[in-house]
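Structures given as structure tokens follow.
Two complexes come next, and they have one chain in common, chain A, joined by chain B in the first and chain C in the second.
Entry: the complex of A and B
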């Protein structure tokens, strides 16, 4: 009896590894190996053609002490961007998911698809919507509107003006992040919660939807909330596509240069792969620290 | 006898002292100057106006040019080669004199009607703006009429707009910049080509529109908008041109941008520190500085960036003291930095000459503008020896040291000048240096520390070496007051549950609440006075601890009391103790987060200042949310009632403040009455 269970357990383990294998293989090849290589390259001087030469901590020391653009523009920009887009996008997607969950099923599916679409079609939306909205002459929607009500009397060149570039990027990123993966996870979490709990709560004296949300929905879907929080923070730090799609890389006056743009700038424009790897390792550790803290904050234990 | 002797001895000593001191102090013109000179002690917006040494002293006045006098002269121009051209408006001519007031020539009689503006180019062409003739008339320096420019007939000028030139200036290319009376479109720019081509309007003043107006306009139809009073920009009052061709304008009746320096596109590129309600004239100086005068007779000197260097002069009260003016019309500066003020009421030109102090400042301005920072430090040091609070000098010293990469001194001087930008830059460099030197050591130390911690943890698991300390900690933790204080951390994260604990489980007491309030006050004070210079809201070296503690306590107690009173009549169930304690516990986010913010503030520059401001906003929002929930949960009321209670509480606090004020005023009356009676009694009874 005892013997057979141990055998079957070993069998189960083997089966488990077997089922794990495809994912592990992909993870190993496409995530683990590149990360390890990036960490290794970050200690070297590598221009993508010659063999990398070992330079020790030089890249990191240069990054912190010599790269004024990184310290004065890129790092502050990235932190502002992440601090605003991460939590605000999270809250917005929660509110949206909750509102959507109140709709009947057919309508909900259609809306969910519409709201999720910017994540898939970001580039198109950027070209047809935001570039026209923030066009720098009087034909741009926002300029035209502001001029018609008399706030400004000459058009503002939104996408070149260093004062406005980062706020614009943040607004677009918020719009973009409302309907991301986090949104879908939260929506699934809300829909997954047990109907009987709501009935019980109604009997116990819950009066409105807000109380339902506070006392039942949120405690009920902690795992999904945590997942969405981590995803939104990671996503916020990895953002950077919007800046370069709106303008160029580097952005005018480095006003909206984020860390990912900086990596791209060094890696694929200047071909200083070692330095770019060092920046990406720094980005990786920042994301790691932030997701750890958010996990600590959001999970009870 | 004896007393007399001592008296005479004293008098002798006093006289001797006076004599000696008069020998020791250098002879300054302080006593002779009928006005005070002021400057700013900081370059930021947060400055104080301080008195300083006389910057210019009145030296003489020109009342007559040779034998002829002038009447109601409206403008004056001083050329590089030392001639004064006066627009003698009352006598309808142009008078020319040298700098001493000797007659050279006059011209324009019979041609000019009201010459109110005059400008002389470098090739000695005299441009006169004549208001009533509606023309600009050009003479050569012999007085021969060369050209006349009338109203531009360009469609963009506007058919219905009259051409009433009052002031004029001309650039190197011969383009005229004309201020016309009642033309609000801006400065009229005319090129000499083809008998005067209108180039367009230039340097229009900004109009201000209030938020209310914007909102009203949003909801109006076009027809309604057309009926509203047009929001027209004010016309500039005077203008001048400097060597680089930049135009300066002054506009009266504005509180911002009274003095503007316009680039070639007509955009303002200078923000002056100070403004005047009635500026009448402006002229560039010889050191990239600029002088602005008001019709009251105040002369402002600004540097290149619009920082105020001096303001002096003033209105004459009828005693005709030299140095004061009645109605200034124009200002000019000659090659020797003498200032000439044309007064149309007194019909004279007053001449002011710079003191040694001002000469030093000008030298520093000159050297600094040429980029010779190290050399500019010498005159600046001398200035600071004479007046150590002089804001511009401190700022320039800070910048000079920053250029020299002497960051410690740059920090010192920029702090004195309250120049946050320079301070931040210098601090950035210092911090960079520190990181460069200590990065690897810090990294190694962190690694070592983490390993040591890991080893100790391992040892503790195996052998329990920290059992004693752990026991001690758990004993402390089990003390009632400690559990109550630790409850604040729980309260902060779980306000609804936390309020329940406050209400039913007796998790708080007056004692623990008072400790939290005291910590809050202490942190508040530390943060106010010892935070980094960049984030300090109070000036360096000023302390007002009593009012800091008093205001926090008063606000807290009044709000709590009012809230209790309002709650009890609105079905609130909480007792005073519960409300007091829960409010105190609501301050926990400040106590927990503010120390971190404080430490961060010590290492960030303006570049990363958002970290500090953002965290402070976060704390505020958190505390407000906690207070809202605490009121709701402790009193067991609905959201709607909570909002009502909060509004009523604020209202009650307002009434309370009003009451205190009234009682204070009444007591003041009583007090005055009693002192008056006392005084009277003393006086009558002759104590």
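Entry: the complex of A and C
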């Protein structure tokens, strides 16, 4: 290590690369390279044993024109799922964070702990517990409860019934993602906002808490709002594996089949890795579009 | 009465806050009830697990489910202690390793000047939206190519670079005053010394936050054991708990599943309660500009 103030301050301090190297080496191998491989494989036919052969846009063309399950089930499911769990989940976590910021510290901490706790269970690992609650006979908790208050007369076989499967998956994904780190970021952002702004706003004629939230709170914490938005999008897509954990892959009647499940199905069950990679690329593009949209909404200027 | 403004972080409870509590109560219950259910279910004796109509809360708590859980593992070829050991080893190394990597990288990105720094920063910021499950196949191929399938390295290496951890740590290091670092350089300290003696001690809250985030991901991860590791002997506790609970999907298995979930959940809960102050402190600087 060289010692001298001039070296550290000069414009090109080579020690910087030394500090960065370990992180970025692993970053390239396990994050960047897989994304590049996914793109490359999506143009190939690859069964994991033979060398991949170049097929041009065939996988994408098949995905759009021949894969009825993808176009009729997987894509619509994923869009419905992503819009409810992403944006709606995000709004709910904002509302919760804002409400908590209006409460005194002790109460706030207890509520925050409860709201954050689903994140700590690691959603997918919770599948077994949800199976118990949604158990299909009258001893299932949800069935028994709904029957006792008279909403249903006969037990519903929740996890096989194609009408209920997607809503159940969405509810569980919401449960798992509302209180994530995005929620904590928003809460911390609101709590750290500048008090004088609120005093000034009250003089300027802000009349209630709602106006305060729209005109002062949100515009002043756009960076946190953006961070939380990206985190909730990622959380939503990451949580998609719950579908197959609750049931099987494929889910009954493909009712709750999401893109991550489709990738798993083609990649690890059928070993059509080129095709699965094309699905991955489409999924990554959807995530990118969602994140870009959030950036537009919350960019500073 | 005119609106006073500034109700953020009030000192004490007032009547006006009751409305807010009532408004969010249904959502808070929705978030909290499944957790209470795990606690309650894990301690139910056999007859309560079988009870009809099923009861949400336990009335005669017992440790039966836990002892059954341990017995079941003794009958399987691999003792549970092995899975516990694997999980602690893997999680421990990943947490420590990724903290070292992200603090070093965060220091360089925040405080050192060199070419290409802003590009790398942008790349890492873009990678915040990285969803690992979307590229599970290329990751599998990479791990295969490196020849680390069926080794602990398959559990460890893919987690070491965590974009969120680097991002949060870098944002936090930005808050360390440059004057402090300048003074150390004038006193003759090198970059490495500044990193260990000034940066690390000053960013403890960010380190704690990154540690808990990484811990949570790795501790409950099923993907690695499912896809990248075939050898039962190096799979983790999360995986074992999940298969056990899934294989015994009977009423008796349910009690064991709840006990298993509770065991997986408690370390996370304890860490979060201990570190919550640091976490909130770090999150205040989490914004993307």
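Heads up, the rule we're going with is that the second predicted complex is superposed on the first by the 234 of 301 C-alpha atoms of A that agree within 3 Å, B and C clash if a C-alpha of one lies under 4 Å from a C-alpha of the other, contacts with A are read in each partner's own complex, and residues count from 1 in each chain.
The rule is simple: contacts are C-beta pairs under 8 Å (C-beta built on N, C-alpha and C of every residue); 3 or more make two chains touch, one makes a residue touch a chain.
Small disclaimer: the values here were computed from a predicted structure and weren't measured.
Asker: In the overlaid three-chain picture, which partner chain does A:280 touch, first (chain B) or second (chain C), both, or neither?
Answerer: Only chain C is touched by A:280; chain B is not.
Asker: On the A-aligned overlay, A:160 touches which partner chain: chain B = first, chain C = second, or both, or neither?
Answerer: Touch partners of A:160: none, neither chain B nor chain C.
Asker: Check the residue A:218 against both partner chains and state whether it touches chain B (first), chain C (second), both, or neither.
Answerer: A:218 sits against neither chain B nor chain C.
Asker: Between chain B (first) and chain C (second), which, if any, makes contact with A:185: first, second, both or neither?
Answerer: second
Asker: Please determine whether it is chain B or chain C that touches the greater number of chain A residues.
Answerer: Looking at chain A, the partner in contact with more of its residues is C.
Asker: Now for A:57: first (chain B), second (chain C), both, or neither, which partner does it touch?
Answerer: In the superposition, A:57 contacts chain B only.
Asker: Name the contact category of A:72: first (chain B only), second (chain C only), both, or neither.
Answerer: first
Asker: Once the complexes are superposed, what residues of chain A are shared between the chain B interface and the chain C interface?
Answerer: In chain A, nothing is touched by chain B and also by chain C.
Asker: Give the list of chain C residues in touch with chain A in this complex.
Answerer: Answer in residue numbers: 3-13, 17, 20-21, 23-24, 27-28, 30-32, 34-35, 37-38, 41, 50, 52-54, 56, 100-102, 104-105, 107-109, 112-115, 117, 120, 123-124, 127-142, 146, 157-158, 160-161, 163-164, 166, 182, 185-186, 188-195, 213, 216, 219-222, 227, 238, 241-242, 245-246, 249, 254, 257-258, 260-261, 264-265, 268-269, 272-273, 276, 279-284, 286-289.
Asker: Quick check: in the complex, which residue numbers of chain A touch chain B?
Answerer: Per the touch definition, chain A meets chain B at residues 57, 60-61, 64-65, 71-72, 76, 79-80, 83, 149-151, 210.
Asker: Show which residues of chain B lie in contact with chain A when the two form their complex.
Answerer: Checking each residue of chain B against chain A gives 209, 214, 217-218, 428, 432, 435-436, 439-440, 607-608, 610-611, 614, 639.
Asker: Please name which positions on chain A make contact with chain C in the complex.
Answerer: Chain A reaches chain C through residues 1-3, 5, 8-17, 19-20, 22-24, 26-27, 29-35, 37-38, 41, 48, 92, 95-96, 99-105, 107, 109, 111-122, 124-133, 138-141, 144, 148, 175, 178-179, 181, 184-185, 187-193, 195, 198-199, 201-203, 206-209, 212, 221-224, 226-227, 230-231, 233-234, 237-238, 240-241, 259-260, 263-264, 267-268, 273, 276-277, 280, 283-284, 287-288, 291, 300.
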